[in-house]
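Two complexes are shown next, each including chain A; its partner changes from chain B in the first to chain C in the second.
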Partner chain A sequence: MTADKTHFDVIVLGTGLTESIVAGSLARAGKSVLHIDRNEFYGEHLASFDLINLLKVTNHGKEEDPFLSCYDEVELIFQSGGEEAKEAQMKEEVLKTNSVEATARDGGSDVEAKSDRKTELADFLRDYPDMDAVFKATCGIDVEDTVLSHLTKSTADGESEPWMPKSWALLELLRTSRQYNLELCPKLLYSRGGLVELLAKSGVGRYLEFKALDQIYLFWEGKVEQAPGSKEDVFGNQTVSLVDKRRLMKFLTFAMDYEENEGLFDAFKGKPYQSFLQDQKLSPRLIAFILNATALVVERETLVTLSTEEGLALTQRHLRSLGRWGKTAFLVALYGAGSELSQAFCRLCAVYGGTYILKYPLSHISISSESGPPVSVAADDGTVYTASWVVTSSTYAKYFDPEHKLEAESQTVWRGIAILDQPLYGQSTLNVTVFPPESIGNVQGVMATQQSWDVSSCPKTKYVVHFQASGPCCSREDIRKALVALTNDAPADAAKPTVLLAVLYRQTVRSCGTTWLNDSAVVCTPETATPDLEQAPTVARSIFDRIAPGEEFLPSVPDQSEDM
Partner chain B sequence: MPSPASPPTDQEITATFKLLLIGDSGTGKSSLLLRFTDDTWLQPDEVSATIGVDFKVKIVNVEDKRYKLTIWDTAGQERFRTLTSSYYRGAQGVILVYDVSNRQTFEHLQLWFTELDTYSSSRDVIKIIVGNKCDKDTSGVREVSRKDGEAFARRMGTLFIETSAKTKTGVRDAFVEVVRKIAETPSLWQKQQGPRPGAVLLNGEEEEVESSGVCSC
Partner chain C sequence: MSSGQHYQKKVKTSNEEIAALRQKSVKKLAEYQELCAAISKKRKGNEDDDEAFKLTTKLLSLNPEFYTMWNFRRRIILERKKSLDTDGYQALCLSELQLADAALKLNPKSYWVWNHRRWILEHMPEATWNRELKLLGVMLNMDARNFHGWDYRRYVVAASGSRTPREEFDFTTEKITQNFSNYSAWHYRSKVILQSFTDPEEKSKALDHEFELVRNAVYTEPADQSAWLYQRWLLSLMPQDRERWMKELESIQELVEIEPDSKWALLTVVHIMMHLRRNEDHDEIIQILKKLQTLDSDRAAYYKDVAAQAAGKQ
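And now, the complex of A and B:
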């Protein structure tokens, strides 16, 4: 199935946010756009999945796939202590009762109940063959051997085998898969950031729905503390001395418009932000609050190297976003920020005539034609598309750069997604907990973002917490420690939430910044480690300006409800 | 059918419904939409006129009530099966279109049902199967009989109608039937009218300040 037209002004490869903004803005400006992705979903590394597909992507076993190979070292933690286990248990009871009745009636046996559940599991695995590996990793069963062959053997003993209750519980959980929207890379939006402004101004925001983040917590000296989000919060805090409160307010008021008081930080330009904060006589606790919970810097090395100007800019960005919606500086997007925003800009592109082909593998890309169109892209199905420009995500870099000449680093982020039976902090449904480096024996700082049904991340009775750690020497251990600090291992203890299922994985994305390979080809890199997406609109804008100089970037779309 | 040509303007809107058009490329979805909302018919060389059409808004009167419809077109994203999941979200009615002169587009309806099932948020969203281009009957190129269409719709438990965006036959009825059925199913729209509580929308209007920031002193 091919597009009847094969020449375009621009070919865009990869549907990450930056590429999608570029595609949408160029189509909006009248350029013809062909937008391709090798995956069958939008968003690349920012995509969202239901539970089954998340497990599929993280447990892929396909080392040669340029996208999937960015996900490895997966570990599954499954505890069958939650509701699913109870439900599964109840079903078991019902089945038993039924089969007892059946026994009384026609001489059947309890074995039938067991084999019913096995049939159910076997049917499920037939529909979702990729889940074999998941059952193997979590319940310790070899599906071929245990489930399928047992079925044909029709086990004589009615004994419950050890893997059974666990498997039934996992099956119950997976049956609700579609109620989950789990992000590979969860993101927050600054309420007054460039992205929110762009969404509002361009009209693309009308495809989206957001909720305000309720609260940011900081893990400090063995306790979780609420980070203040307003003046009232600062002054209402009983555990901070009045002197400290005054110093903090003075600093925050300065940081809000720091450019106007250059004299105050001139001597610290190019020097560490940390030393500047110390010079303001702020206590270590307040410094941690500013660095970790306001500038949202959690990488050990960055905390040390972050310059005063950089730090002030990050602090200012946060402060300026306060007080617009809710109690924090952030918005959370329903169904997953990266995925939804990418799709919204792609929709804009399509509305303005762009052509979309997903699940479309490529075999060759040429960007140095002597004659004819500068760019040609050959698909696996043999079709060759040509264009004047190509804009591509770093996942396609190998086609341009077989010898790895492009300066490229790997951007590694350790992640964990945990499904919980209770919220972390009572009422709050959407929140962030920051663990500074070494606060819980972790090397790198960890950010934990709780989401809920309020943003359609999970069913109403569950909560999802995303963990992330980046920077040199970050590891699975950092994630695990944060997970343990927030939850408990003993399902009997009801004080803390229980982890029903957790997926820990490593995301390694090739990072080549934004690089123009020549006048007609540019590679861009997704923002995986940052908590926000502020870079995408800026990078997209710079690419747009070079391809469509002088054109307006994403002008407001006409209001269609007016031409009634 | 209670359908005055131009609805009275003084009456209040009872509800707003989101409707979607899906079906294979070339079956006439955009043509049906333009015919219904603007009563226009584009010549094949004018199709570029649909560029920039995201959705159309139309107010209809059904059973003496006024309903505001936002009807979403595929923007060509159906061609390579690349519709976004957000396209399907929150719709109360879906119009599945095939071309009566192209058997394959009828057979693909099964795939569209699967797709709908995957993405649609509500199980009891109202569906209608529309056999478009029935004007082609006279030229003897029909590949799907009305009987086949009706039988399939019955099997899928949906409404059915044949239309022609070219001659206007059935076009208004197709939309009105869906609205009537949605209106009869209050569970579909009464509780989920509009965004959920506490939702933040970026539709250019705003701005709502709920609390003061640290430095708004």
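And now, the complex of A and C:
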């Protein structure tokens, strides 16, 4: 598909959240917008996928693609000891019985049933050739050699191949692929944060659905404990001493409006938040609770360097978001936050006349034209689009920046997505577990977010846990340790959750902040390491103000029902 | 492309439409006034008939706050009872409770509606207490501090005898855990705790636990007075137990060290010290009361009065 018209006020490249808010707000303000993405999905690094597509994106094997090459160091963990295997085994037995009956009835055989299954597997692998690598990594089979060629061989010996049960179990899991919405980079929304306020004010929120996060847990001294999120949690907590309760409540009350009591922290301005908390006579455990589970800082180095003002601002942001919806300060978006939010703003853009072309590779971008429009973008199909401004995600930076000056920094986050057969903590379906650095032998702190069917992340009987860790010396080991801790340390009264399938990977995004290359071109970086999306609206707003000075940023959409 | 609700331009509400809506509300008002007049006529003429019953149903569904109508309705019900057998009367009472359910949804704090419920249950051939308890569970879940609900709960429990004091005690524990700033729940607790634990040893243990609970509440939120008042009540159960009073004093004094300006903590220290009547506390009592006069200047005269009492007692 191509656009009929080729000149626009603004061309936006990449459908990450910041770019999408810019596109929506500019179209809303009357600018003509062309929004392009090389991918066939919205959201770039914040996208969500069904299971097969997630495996495709992470096991891409395409080093030259500017988007896919951000994903590497992939490890797949597949345990066929889970429910799928049990189911598969059950079916096996049913098949056996049936085939015995069948043999008795019409002379058929067990072999036939087995080869039927093999045919099914082969059919699937033919339909999804990208899954070869996945089967190879998890079941140790070479699809070409083992499965496809095996079919041509005689199977008359009836012997079951050793790789078959495992491959079959994986196939059973992949068959429910479409019931998964797995985020490349899961995000939470502060209930009273800038993004939620923007969604409410602009009316874009009406395109979206949310659930409240149930609980935040902190891994402390070998145990998972509930982080007290409210006055009632503090009151009911059996393990915090009375004096600590008072100190904690006093501190939290202060942090809510810390600006009004500057005298209390004046001496600690520019000094580490940690030392300020120690000065408040808070116990190490309460300090961990405030730093890791309230300010949500988990990187080892940041925990040390975080200044008192920064720390108080993060703590306040969390506290102020409490009590609006549900028990915690956070909302979880259905079908994946980044992807859905990006699409919602793109939808606003389209409603106000924006043009969208997805799955559209570009060949050249010029932002230094001497005469004529300042920006021209050439697509692979030969069409040339021109504009007064270009707003682009960092995955398009190579076109502007052949010398890779902008790539000086990169933002690396280690991630893991685990599909479990049981929830981590009984009743709670949406929760976060924070592992402070070194709490489980990990270098960097790890955040684990459990999602469920309640937000359409997975089928009703499954649970998804997203892991993330970042910072110097961080590695896949940190993620793996957290995964092991959670699946082994479940409460004793419940059976341990089993990891059915886990994908561990590294996400490396070019980081250049928000950089204006000249008066008509700006590059922006997605927020991958933070658990929230609070930066995007602010960055989008600053870009909007420069392109459409004096215009109102995302005014509310006219009310649909003004009737009395 | 143009089917359904998409691609339909929003048309601004026209002046004619606004006028029509206004017309509608004027008509609604006229109908309501007509209804009131009709019932008033029936009531004055002592016409406690079926039609009057229907009219009051309609009116009370619109406005359950019109308490005269509930009174009239009870008169009609007694009239209707004469022509009904037991089953028929039971059914009538049940439908009355349903009417009251709907009215409580409109206003959960309506005195007349709660009163109507009581009257019905007392006149019913077979009172449906379990239905009431279920309703109360729902209502106190929606608003745990609705004192009408708590009051009515005490009434239902007493009248039905279907709940043990211990079960009610546990119910208050549940509510206090959800939100301890709840006078009604603490008060109800004081009403059921002594019946819940009759064995002396059990009772002593339970009271220990209560003091612990209060400590947790006041340390979490010293400004919330509901737990402080409950603590006073607990202490009043054992005026002779100086050890207990001293133990509480010590704990509150620790709190005052962290919260030197907490009015309730200071006042409790004074309260306990005055009870203990130890000579060495005298100066401190006077000092604290002076401090309270500035901290809580609205009640300065009260603190002065207490100080005078304290001085007189020594």
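Basically, the second predicted complex is superposed on the first by the 540 of 564 C-alpha atoms of A that agree within 3 Å, B and C clash if a C-alpha of one lies under 4 Å from a C-alpha of the other, contacts with A are read in each partner's own complex, and residues count from 1 in each chain.
The criterion applied here is as follows: a contact is a pair of C-beta atoms (placed from the backbone, for glycine too) under 8 Å apart; a residue touches a chain by one contact, two chains touch by 3 or more.
Just so you know, these numbers come straight off a predicted model, no measurement behind them.
Student: If you stack the two complexes on chain A, which partner ends up touching A:231: first (chain B), second (chain C), both, or neither?
Tutor: both
Student: A:558 in the overlay: touching chain B, chain C, both, or neither? Say first, second, both or neither.
Tutor: Once the two structures are laid over each other on A, A:558 reaches both partners.
Student: By residue count, is chain A touched more by chain B or by chain C?
Tutor: B
Student: Figure out whether A:7 sits in contact with chain B (first) or chain C (second), or with both, or with neither.
Tutor: neither
Student: Let me test your reading of the model: by the given contact rule, A:60 touches which partner, first (chain B), second (chain C), both or neither?
Tutor: After superposition on chain A, A:60 lies in contact with neither partner.
Student: Taking the superposition as given, does A:247 touch the first partner, chain B, the second, chain C, both, or neither?
Tutor: In the superposition, A:247 touches chain C alone.
Student: Mind working out whether A:271 is in touch with chain B, chain C, both or neither, as first, second, both or neither?
Tutor: Neither partner.
Student: For chain A, give the residues common to its interface with chain B and its interface with chain C.
Tutor: On chain A, the residues that contact chain B in one structure and chain C in the other are 231-232, 234, 249, 558, 560, 563-564.
Student: Once bound in the complex, which stretches of chain C touch chain A?
Tutor: By the definition above, chain C touches chain A via 10, 12-13, 17-18, 21, 177-180, 215-217, 219-222, 251, 254-255, 258-259.
Student: What residues on chain B touch chain A, complex-wise?
Tutor: On the chain B side, the touching residues are 48, 51-59, 70, 75-77, 79-82, 84-87, 89, 195-196, 198-204, 206-217.
Student: Enumerate the contact residues on chain A facing chain B in the complex.
Tutor: Going by the criterion above, the answer is residues 1, 3, 42, 196, 199-201, 203, 205-212, 228-234, 249, 252-253, 256, 319-320, 322-327, 331, 334-335, 340, 343-344, 346-347, 350-353, 355-358, 360, 454, 556-558, 560-561, 563-564.
Student: Report the residues of chain A in contact with chain C in the complex, numbered from low to high.
Tutor: Contact set of chain A toward chain C: 231-232, 234-236, 242-243, 245-247, 249-250, 558, 560, 562-564.
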